[in-house]
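What follows is a set of structures for review.
Look for chain A in each of the two complexes below; its partner is chain B in the first and chain C in the second.
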Partner chain A sequence: MNSLDPRVSRLPQIQEPVSLKAPLDQFGTFEVFVQPKEGKPFQHEGIVHAPDIELAWVLAKETFTRRFTCTSLYVADTRDVYVSPLTEGESNAYDPIPETRESGIKKTYEIYHLAKRGRQHVHAGTVQAATPQHAMTEAKLQFNTGKTVYNVWAIANDAIRFTTPEEKELWLTLSEKKFRDASDYKGGDKLKEFLERKLIS
Partner chain B sequence: MNNLALKELLYKMADDQLILGHRNSEWTGFGPLLEEDIAFSSMAQDKVGQSLALYTLLQTLGESDPDTIAFTRNASRFHNCILVELPNQEYDFSLIRHFLFDTAEALRFEALTNSAYEPLAQLARKIRGELRYHTLHANTWMKQLGSATEESITRLQKSLEAAFPYALGIFETSPYEAELIDQKIFAGEAALKEKWLARIESVIHQTQLQLPDWKTLTPVYGGREGKHSEHLQPLLDEMSEVFRIDPTAEW
Partner chain C sequence: MYGGGNTFEGIKTDSLSQEDPVKLAAFEARIARGEKIEPTDWMPQLYRKQLIRMIEQHAHSEIIGALPEGTWITRAPGFKRKMALMAKVQDEVGHAQLLYSAAETLGKSREQMIDDLINGKSKYSNVFNYPTFTWADCCFISWLVDAGAIVNQLANAKGSYGPYCRALERICAEESFHLKYGHHCVIYLASGTAKQRQMFQEALNRWWPPMMHFFGPSDKISAHTEVLMRWKVKMGTNDEMRNQFLDMYVPKIWELGFTIPDPNLKKNTETGKWEYTEPDWEEFKRVINGNGPCNKERLEVRRVAEARGRWVREALKSPKAAYVTPLA
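Showing the complex of A and B:
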């Protein structure tokens, strides 16, 4: 169907009576982590769709750090994120992880904890491990304080697109962009004033 | 310091940013994907913000307040290059314009970080992070789409060729070039153009796109002296529509 309206040309084609379900025509996802302040741990903010990790980083910058304070961000392909089972109540996500160590060439993994259901995963530290499974074991040995953790993530450090030191200047003027915050326009106050004036007249 | 020369420089820079900021903001809600819609809209906001900073400098030199300057002049009193006023067309054209213009703008401000006019040098240093993001965004898309599919390469190439004579118009010289250079306010359009060509070429070479043979092209000039295409006045009418209803309203 030819149309100037992009929504019309995105409509699915009329299919043969029986056919395979077509794969989704969309980009893959990348996980976005943001450091809100110097010295604070990185926290998971959400995902972006992008054709590759470099564009994911570029698009994550405006999608997730448009308004609130940010000193740095990084992204990783969703397919590079290893996750433990998600637990509830008193059950610690570290409990079922075996403590058997593995040998082999080790690399650095970044470890994240979900400390509360419904909140974000927060960076807990780094471990050296031969495999993602092994990284979970190392995390259990190093970061399991007994306090309930509901989910653990592990991402190989070399799978992450970090912010370079020079790129930190990207957020230099962020604190001045108050106009991006709806509350800065004080719409409520102005409406109140207007209504009061109307009542008087 | 020659105020006329300085004002001419500030006006053309501010008008470029305002007009392109407005044009790019027309994509808000229509971008090719949500994340890109947000990024492109944010950069449009940055551009309008940068124009405000420049109009504010003009105010300190005796010009009217920024709102009056931005919203009450007719097309013939705008000094933007014609490239920035052209309609958006399809997204490939907007991306190419973003790449060609923002590369020039980033290099212009980079040169101005050492300007003898200290308030402008300060502004250039302050917004370098914004400009770094704008060019990174443009270059990353160029490298991605410039080598992606036959359709993306063909579309970008077509837009690159259509936009290039207008892009050369960014560097239309002012009557005050020599004074600006002598007084170390700005290194001049010729020097800027040379740096720009080298930077554009280095990105294009990382793609399957071909740099147009720019020496054979006739640059589209006129914008800097107020001679515009038929597209600017309708843009200004729309941009100032609300302002003109009540110029004294508080927002």
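Showing the complex of A and C:
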């Protein structure tokens, strides 16, 4: 290819037409949850596509924690998030949730609330439950204060890839990495000096 | 970064008559109240279609937009500039990730979107079909193309579709670094040697017409977008966005002693609006239809990347994973 960019000029010729992407070419879907500050609740940030949960964690770190201060993140396969219907107005997402009783072996579920439409889902707490449906019932008992919640999510703890304590060092930004911050680009002095020079000449 | 001037499909108003009038009224009332629409909410087909188109164009613009600047990473003047430019280009590619995810919530898979880009079916911002001859062109993009993008994105962040607004808020926060970095680069050229000043002046001469095109065709000739404004898909007309950009940045360019290559450019003190030579919309159409200086190269780079990366994606694929529509 004839380009101004020598790297583009060096690219090999691909003669045959590029075939269409097969399903899953962009991998599975994983939901990403970030803790912005120590002591603050985790919140839903978005998704990444990855072939497995380990790579999902790596990609989530690259995609969602580039600038904002962040102390931890975790990921879960979208299929492992149990979702209540989305409500509106005064109607509380907890209201239609039935009372399910379960006697099986319990495990921990992370519960998320959507407190305001248009905002992100925020961590409300954890419950012990035998099934996702049961986790919803438990969440209703423990976290339903009567204040309208528009959507509830439950994720089994063992389906989550958490950040280990050692990995948390990743977010301790080195001072030499300040070049990624707007605050590192103070052109003011240079501009002022230039304008003064222009005034004299 | 990203241009406005989305090419929306021609809107057939009769398509709305197919919709359930009760649901449509509730949908419009929600938007009028300032509430966001979420993926599982009912929405008219037209809304879904136009949003997918707009968000997808925005995402493509981010990955294609990484190319004209990425070119200069290996030749950036000095280590600090190289590191910063690398971080910026990475940001842009990250923005594409966020935007593709937002578009996916509306039901179009990422595979389909990338296929449509590579096969020339989807559009992206026209401005990235122009070459970066010198470092100064790269500085122009970092400062002024990003500035234009911020004008658009801040407006769109107040739109009606929840996932898109949330992605844009995140993107805007990163853009502030791009803008400051770009301005810093240009101040250094402006206050440097005569040769450096000349370099930037030449870049400004080359980039001014595409920059004026950036916000899309003039309101006089652009498609009827009333319904898109009512649904808060489009948050301002192309001319309003262009005027806001000129208002914010022309004084800053003049301050640095550069000449904008349009003798008719001036602010009308009575109307508060900028007056300028009408951009060449025939040129705009020519470029958007694939005949700009770099269209072929930009798509070819994507095509080669697609073909060469295929074996890696094949090797990583796991039968346990499944594509599902993102939740929010």
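Throughout what follows, the second predicted complex is superposed on the first by the 147 of 201 C-alpha atoms of A that agree within 3 Å, B and C clash if a C-alpha of one lies under 4 Å from a C-alpha of the other, contacts with A are read in each partner's own complex, and residues count from 1 in each chain.
Going forward, a contact is a pair of C-beta atoms (placed from the backbone, for glycine too) under 8 Å apart; a residue touches a chain by one contact, two chains touch by 3 or more.
Worth saying up front: this structure is predicted, and the values here are computed from it rather than measured.
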| item | value |
| --- | --- |
| Contacts of A:101 with chain B and chain C, given as first, second, both or neither | neither |
| First (chain B), second (chain C), both or neither touched by A:18 | second |
| Chain B versus chain C as contact partner of A:192, first or second or both or neither | neither |
| Contacts of A:179 with chain B and chain C, given as first, second, both or neither | both |
| Partner chain(s) touched by A:46 [first = chain B, second = chain C, both, neither] | second |
| Chain touching more of chain A, residue-wise (chain B, chain C) | C |
| Partner chain(s) touched by A:170 [first = chain B, second = chain C, both, neither] | first |
| Partner chain(s) touched by A:58 [first = chain B, second = chain C, both, neither] | first |
| Partner chain in contact with A:27 - chain B first, chain C second, else both or neither | both |
| Touching partner for A:37 - first (chain B), second (chain C), both, neither | neither |
| Chain A residues contacted in one complex by chain B, in the other by chain C | 27, 48-52, 55, 62-63, 66, 179-180, 185 |
| Residues of chain C that touch chain A when the two form their complex | 30, 35-36, 38, 40-41, 71, 74, 80, 83-84, 87, 90-91, 94, 97-98, 101, 104, 109-112, 114-115, 118, 131-133, 162, 165-167, 170, 173-174, 176-177, 179-181, 183-184, 187-188, 190-191, 255-257, 297, 300-301, 303-304, 306-308, 313, 316-318, 320-328 |
| Complex contacts: residues of chain A adjacent to chain C | 1, 3-5, 7-8, 11-12, 14, 18, 20-29, 31, 44-52, 55, 62-64, 66-68, 77-79, 81, 83, 85-86, 88, 117-118, 120-121, 153, 179-183, 185-187, 190-191, 193-195, 197-198 |
| Of all residues in chain B, those that touch chain A in their complex | 33-36, 38-39, 42-43, 45, 49, 126-130, 132-133, 136-137, 140-141, 144, 148, 251 |
| Contact set on chain A toward chain B in their complex | 27, 48-52, 54-55, 58-63, 66, 166-167, 169-173, 177, 179-180, 185 |
